[in-house]
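Notes for the one structure printed next.
Chain nomenclature is as follows: A, B, C, D and E, assigned in order of appearance, with residue numbering initiated at 1 for each chain independently.
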Amino acid sequence: AEVEVLHYWTSGGEAKSAGQLKEIVKEAGYGWKDFAVAGGGGENAMTALKARVIAGSAPTAAQIKGPSIQEWGKEGVLANIDEAAIAGKWDEALPKVVSNIMKYQGHYVAAPVNVHRVNWMWANAEVLKKAGVNTMPANWDAFFDAAEKIKKSGALVIAHGGQPWQDATVFESVALGIGGVDFYKKALVQLDPASLTGPTMIKTFETLAKIKTYIDKDAAGRDWNLATAMVINGKAGFQFMGDWAKGEFAAAGKVPGKDYLCAAAPGTDKAFTFNIDSFVMFAQKDADAKKGQLALANAIMNPKFQAIFNLNKGSIPVRTGVPKTRFDDCALKSMDDLDSTSKNGGLVPSFAHGMAIDSAKAGAFQDVIAKFMNSSMTPQAAVQALAKAAKAK
Amino acid sequence: MSAIRNTNDASKANKVLHATRATGVAPSLATPGKNKTAQFSALAALADIWLPRLVLSPTIIASLIFVYGFIGLTAYLSLTESRMMPNYEFAGFSQYAALFEIDRWWVAAANLGIFGGLFILFCLITGLLMAVLLDQKIRAEGALRAIYLYPMALSFIVTGAAWKWILNPGLGLEKLMHDWGYKNFSFDWLVDSDMAIYTVVIAGVWQSSGFVMALFLAGLRGVDDSIIKAAMVDGASLPTIYRRIVIPSLRPVFFSVLLILAHIAIKSFDLVMALTAGGPGTSSDVPAIFMYQFSFTRGQLGLGAASAMMMLATVLAVLVPLMYMETKGAAHGR
Amino acid sequence: MASLSIRNVRKVYPNGAEILKGIDLEIEDGQFLILVGGSGCGKSTLLNMIAGLETVSEGQILIGNQCVNNVPPKSRDIAMVFQSYALYPTMTVRENISFGLGIRKVPKEEQEQIVSRVAETLQMTHLLDRKPAQLSGGQRQRVAMGRAIARDPALFLFDEPLSNLDAKLRVEMRAEIKLMHQRLGTTIVYVTHDQIEAMTLGDKIAVMKDGVVQQFGSPQEIYDTPNNLFVAGFIGSPSMNFLRGKLVQHNNGLAFTLLHADRSTLLPIPAEFIDVAKLTAWQDRDIILGIRPEHVTDAVSARCAETPEGYHPSAVDCMIELTEPTGPDTIAFTWINGIRATCRTHPRSEAAPGQRMALAFDLSKAVLFDPETELRIS
Amino acid sequence: MASLSIRNVRKVYPNGAEILKGIDLEIEDGQFLILVGGSGCGKSTLLNMIAGLETVSEGQILIGNQCVNNVPPKSRDIAMVFQSYALYPTMTVRENISFGLGIRKVPKEEQEQIVSRVAETLQMTHLLDRKPAQLSGGQRQRVAMGRAIARDPALFLFDEPLSNLDAKLRVEMRAEIKLMHQRLGTTIVYVTHDQIEAMTLGDKIAVMKDGVVQQFGSPQEIYDTPNNLFVAGFIGSPSMNFLRGKLVQHNNGLAFTLLHADRSTLLPIPAEFIDVAKLTAWQDRDIILGIRPEHVTDAVSARCAETPEGYHPSAVDCMIELTEPTGPDTIAFTWINGIRATCRTHPRSEAAPGQRMALAFDLSKAVLFDPETELRIS
Amino acid sequence: MAAKLPTLATPSFVQGLTLGRVLIYVLLILCAFYYLAPLYVMLTTSVKSLEEIRSGNLLSIPLNPSTYAWSKAWGTACTGVTCEGLAPYFWNSLKMAVPAVIISSLIGSINGYVLAHWKFRGSHIVFTALMVGCFIPFQVVILPMARVLGMLNLANTTSGLILVHIIYGMAFTTLFFRNYYVSVPEELVNAARIDGAGFFTIYRRIIFPLSLPIFMVCFIWQFTQIWNDFLFGVVFGGSDAQPVTVALNNLVNTSTGVTEYNVNMASAIIAALPTLGLYLVAGKYFVRGLTAGAVKG
């Protein structure tokens, strides 16, 4: 039998990492039918998936994450993979926050692949040194001090790509840094109206407005990796981006700690915004396919795979029991922080990457933030717009 | 059709006609089976009446299902609370109410107006201009025509990146001009919220105007030579002839062109997606993208359907009067 | 070969226009029927109905006594020649001719025989392998005829077959069609709007106007005694002159008042040839005198015209406005009774524009019309 | 008004084809010149060169004594009427007529005056606000003429203006053009391939073939004494009969041998009218006798034809193959010297197909041609 | 219907190198630059190395041209878990486009034949109604179409894609053919009917042989549309029948990986080669075919 996997890891390192999964599934005796659909953070993939489900020929598994898993669960098209989870002792291996996301009505329907930390801040060591910035700023005030220095040195302060998801990535790091974990949860997970329009949110937008002034005008539409390249080339000092940026640094032959620096975004040291890639299993008609599905689930949770995959991709394994040997410093810090925050409650879902709220609201939020970033909208107007967006259905 | 006289042939024929008569060749030249066919006549008559309809019916049925049926379905979905997947519970016009509340929708609608209008206008102008210029017995007409036409062959998935670079101030034209020493040159529409939609026009015109040119060129080639001669004798200069006589007589071509351009403009999705993805922010959003994202990415199928219905309504509002005018104009002899 | 009857045939197009308003025509086996009339009068419509290309709204069409109203074109045993020739542009002449035979499953060898026989008859053997685009107008016309002949149908239909040819070729092809009819003896229905073709080709002419047959008869009948103004004006080239004037008492008979240049003359109506009894009611009333150009001629021509014994055309002095020397005759125009009248004079009669000339009016062949109903009185 | 001189004009198209091979024509102010010839002989090319729409490869064109070789069309003070009328399809009749005036910056009121005057002259005031597509063929033709007249040019050029009209309308419009010429007195160059138009309209006719003028002269001159076979056959309808035969000694004079039906007859050449001196060299040699249909007629017509004093046409008994009653005359066809000869007989002459009939050959108007060079001998 | 290409009368005396003509050429060449610029960027980028792209100017001439990117794009670039370049998808596209183009053109042709020469009561309305199909936004039809394909068991197959393209191509092909056939004289059809030919015989023997010019137009238009289609390909192509545009999109788009611009550009050009080739080879038939009647309103 074959497993058909819908995913949007299509290029370079990602594709190679996913290739590992294929190998493991093959070893288990199943064929791999690759259903790759890239583009726009999975937009096209989701469209294709819906068409497949409606046509009655859902793939074995599809790359879906966050609350969307629950939405699909409601449609009654997902497969129960408790059998694999029990055998693989997933409950023990996964942090509770994560395992909850993978379950629908108490049953596992999805297998997680990796954890990305989104609230990273990357910096070019040399640019910082030249500007006289010696440490990575730990809070926003410190950041703006450093920013002024870098600006004076002639380099661009922040490399940014003006795409809605990148805007949102910066926004959530700012919100987390300014308001802290509780505020973040209240505003961006529970959508508490008071928090959404409160002074903290206004301050968040004010900070964002200030950040805007350190971004070049050409940022609009720039791909994140081009922004990263600006940091790599020393054209810019900082970038706010998830840990996948490491891949670019690595590809350019840069060494963490020496050529480039990684740190949590200002004020978010004690928090961890996670973005978990996972494969959701769809109900299959024939028994053979179901077996393949379980084999796939097993393969995903296979520690060996998780190690190789995450080494390639810059993220960290989602489960315990994966050897940490070959991971770099940034990744190790990530793992430690995951551990600690999952215990102290600082582990929060990334809103920018669809982990926090359903897609309609997330999309509406993104629209507001993108508009704020690209117009002279006031923070006050922005928070009102956010509150309205929170009502999107 | 030139009637070439051939007196010679005719008189020869005369001789032979005469000769045949003289030698008394039997008048009956052929005797195909005459009554064989008669019995099938009723059947054949029916066949000729029903076959055309029969042949057309698959298309009609397909069109009824796949165009009208699906439009109907979408119309119905727009009246439901469908979210990620279709849901057939009737919910009234709430989706439309919600749609009209969304800023981004109005931005998209306005952008369609700007883009559609300018796109069609500039395609017409450049297409017509190039067609007229190419019609002046140009030496390398074939090569130039191919150059103008080739963008039509490329999908925007292909060319979007190239355009993005060219228009990007930090990478493309502006940088080039700066490198060449024109420091004051500024061309940053792509990253300017107010101007981004115009870059879409630039790329759109690039892609489609060659095709428009081909259509107009074909039209020009069909204009009666003697009309132009008449105008020249009347004393009109070449530009006047084109402006007053040739171009007005291309009216049917204009109609075809408008039809095709309107279709491209309204469906433009790849183009905007590849160039600006609706950005910066949502400033260059268009209804097609809006609808796609809301329907498929954001799980607001009902809202997406409502926006689709609005799109269709706009199309009809623009097109029906256009078609009406054209048929009326044609009936009255342009 | 077959006779053709058209019985009270009407045609209403789907858009509601009534194009034919009850047509009754009847021709015998082997006759040559001409449908003639102005543009848009419904000639082609009628022909298409005979061919089965249009449905019959009402009435009956019979070919050889069989009602063909519901018979499709291919089963009617007809052949048709079109104004534009309608040659199949992608086929060679040979294929054009054998196409209909092939469809009718005539064996290949027989097809070839027929094609070569037809080609020989029409002197186009050397054209057989050309495409229509490589032929001249006359050649195309001939191929179109060949295609029709090859089928050896019971009925030939021609829709203005010559009107795309130039004048000279038209004269030649006209003779050829007439010869073909003489030889094959097929029944023919021929549509034209050229009255010369109508006159020269047909055994019977149906003059149509607005979907109604105005007159149906032999060419000479129609030429000599047209039913009404329309027919009179339509048949004959140049057209008959219609002089509007009064009938007055004159020398125990009637006379027609003629106004020309600046004077007025009386033209006596020859009682021998025109039924004066019918005319007395018209005395002192407006009437229209129809007289053909060849009956208004110069003295020389008049003298030589074969007028009936004992009748002498009246000569009237007229001012010549314009002359058109066509070679064998000269057409002269003069101004009579408020119209520009056409006269046919001898080329050497010295009619010159701006000069006066004696014109002889041969009233023995004139016809009189009621100006109200436009019908012929006598 | 202007005279027109065409001096040794040649035209070589860029593709190397030599279309005009040295044309020499000269007409005076106010004359009506007809260019006639077969299709493709270069008539339109020459006209376009006069209009300035084509360059002159060699030679000179003078309008009113000014060489216009390098003058663009708009400055030549000409107007042109095209076969396809070339009306501007998007403009109303009014706009069509005033377009050229507007271009020439004629004041608005004056334009309006001119338009209404022209419209009145051509009786189309009620059509002024229609578009060309809403007009009939004849109306379009009239508009095209109106457009030309409105400009009041020194020279009118017509390119087959009537050939898209049907026969009847053509006759009418022909007269109208001739009248217009009489009234306006403008110089006109008129292209046609219809020999009737050529004969009736022109002051001068230039018969062209293959880019060479075959004969240039008055209509009568060309009709009576055609230079060569081509001109003789081209001008006149029906065409002249060309009888190939031998000249033999006969009764002290010459005679032409005639083969008809199954017998042979000798036709004496009337020495009074034909220069026999020139002919003696041709004795016993093949020669072509050209005789027009109106000179081969029935006894009655012959008696009445205005033959010169003292000459009596020879009557020959012939078998009639086909007749075409056109109304005023009947065209009969018979088989003489291996060709189908055309005769023009009186409608009441009772010529009937398949019967014998005495035909009178009026040789006083015949012309003789050298079969080799095809030139006229006498 | 000889393929006649009359040129607009520009009498010869206007020719020669006058100022006006120089201006015309200058304008035409300027336009040509506008049209060629993106192609230039794509071509030069595709032969540059990544270093050169990162550091240099986009419009600069490549210093060390190499075909590395081209061979990678064709044979080894990753478009998912598999890294076989565009080649396999290229064939998918061909397998889809060729039948879809041919079938939709044939259907359009016979529809056009009916609508132009076998009019029946209401055929005009049918034609107008069909035209609405030109304007339906494709996003609208995705989900219902998916259901239909699922029911027909054609989901994720090339046949399914072909079907979809045929259905939504029919409106345009019918329009093209109908407008062309209107200019074929009615008398031709009548002559054939009298000769005894039936509906299909007339089409096959008379109309079809006349249709080459318009088939060229239709082929070019449909091939361009279908080859370049992305939406249907991605949604209905599944994993087995993905056309080259989807592969190209996969290759070009990366959410969290390194972007190889030279490979992207090379792939882009490769993916466009068939359509480009078609335009170059058949471009002149395109204008000719349009002249022959497709543009009459």
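The rule is short, and it goes like this: a contact is a pair of C-beta atoms (placed from the backbone, for glycine too) under 8 Å apart; a residue touches a chain by one contact, two chains touch by 3 or more.
The UniProt protein names, listed by chain, are B = Sugar ABC transporter permease; C, D = sn-glycerol-3-phosphate ABC transporter ATP-binding protein UgpC; E = Carbohydrate ABC transporter permease.
What you see is a predicted model; the values in this text were computed from it and never measured.
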**Message:** Starting at chain A, how many touching-chain steps does it take at least to reach chain E?
**Reply:** 1
**Item:** Chain nearest the overall Cα centroid
**Value:** B
**Item:** Intercentroid distance (Cα basis), chain C paired with chain A, Å
**Value:** 91
**Asked** Centre to centre, by mean C-alpha position, how many angstrom separate chain D and chain E?
**Response** 55
**Prompt:** From the C-alpha centre of chain A to that of chain B, how far is it in Å?
**Reply:** 42
**Request:** Provide the C-alpha centroid distance between chain B and chain C, rounded to the nearest whole angstrom.
**Result:** 50
**Item:** Touching two or more other chains - residues of chain B
**Value:** 2-5, 7, 11, 14-15, 18, 37, 44, 48, 86, 171, 229, 232, 251, 292, 296
**Message:** Among all residues of chain D, which ones touch two or more of the remaining chains?
**Reply:** 39, 52-53, 72-73, 193, 239, 321, 340
**Prompt:** So which stretches of chain A touch two or more other chains?
**Reply:** 40, 42, 47, 50, 54
**Item:** Parts of chain D lying in touch with chain B, wherever the complex brings them together
**Value:** 38-40, 48, 51-53, 72-75, 78-80, 82-84, 86-91, 99-100, 103-104, 131-134, 147, 151, 157, 159, 193, 233, 239, 321, 335, 338-340
**Complete:** In the complex, chain E touches chain C at residues 1-2, 121, 185, 187-188, 190-198, 201, 205-206, 209-210
**Request:** Under the touch definition given earlier, write down the residues of chain E that touch chain B in their complex.
**Result:** 5-11, 14-15, 20-21, 24-25, 27-28, 31-32, 34-39, 41-42, 45, 57-59, 107, 110-111, 114-115, 118, 120, 123, 126, 128-145, 148, 167-168, 170-171, 174, 179, 193, 196, 198-200, 224, 227-231, 245, 248-249, 252, 261, 264-265, 268-269, 271-272, 275-276, 278-280, 283-284, 286-288, 290-291, 294-297
**Item:** Of all residues in chain A, those that touch chain B in their complex
**Value:** 40, 42-43, 46-47, 50, 53-54, 68, 71-72, 75, 162-164, 167, 216-221, 358-360, 362-364, 367, 370-375, 385, 388, 392-393
**Item:** chain A-facing residues of chain B, complex
**Value:** 81, 83-86, 98, 101, 103-104, 164, 168-171, 188, 190-193, 196, 273, 276-277, 279-283, 292-294, 296-300
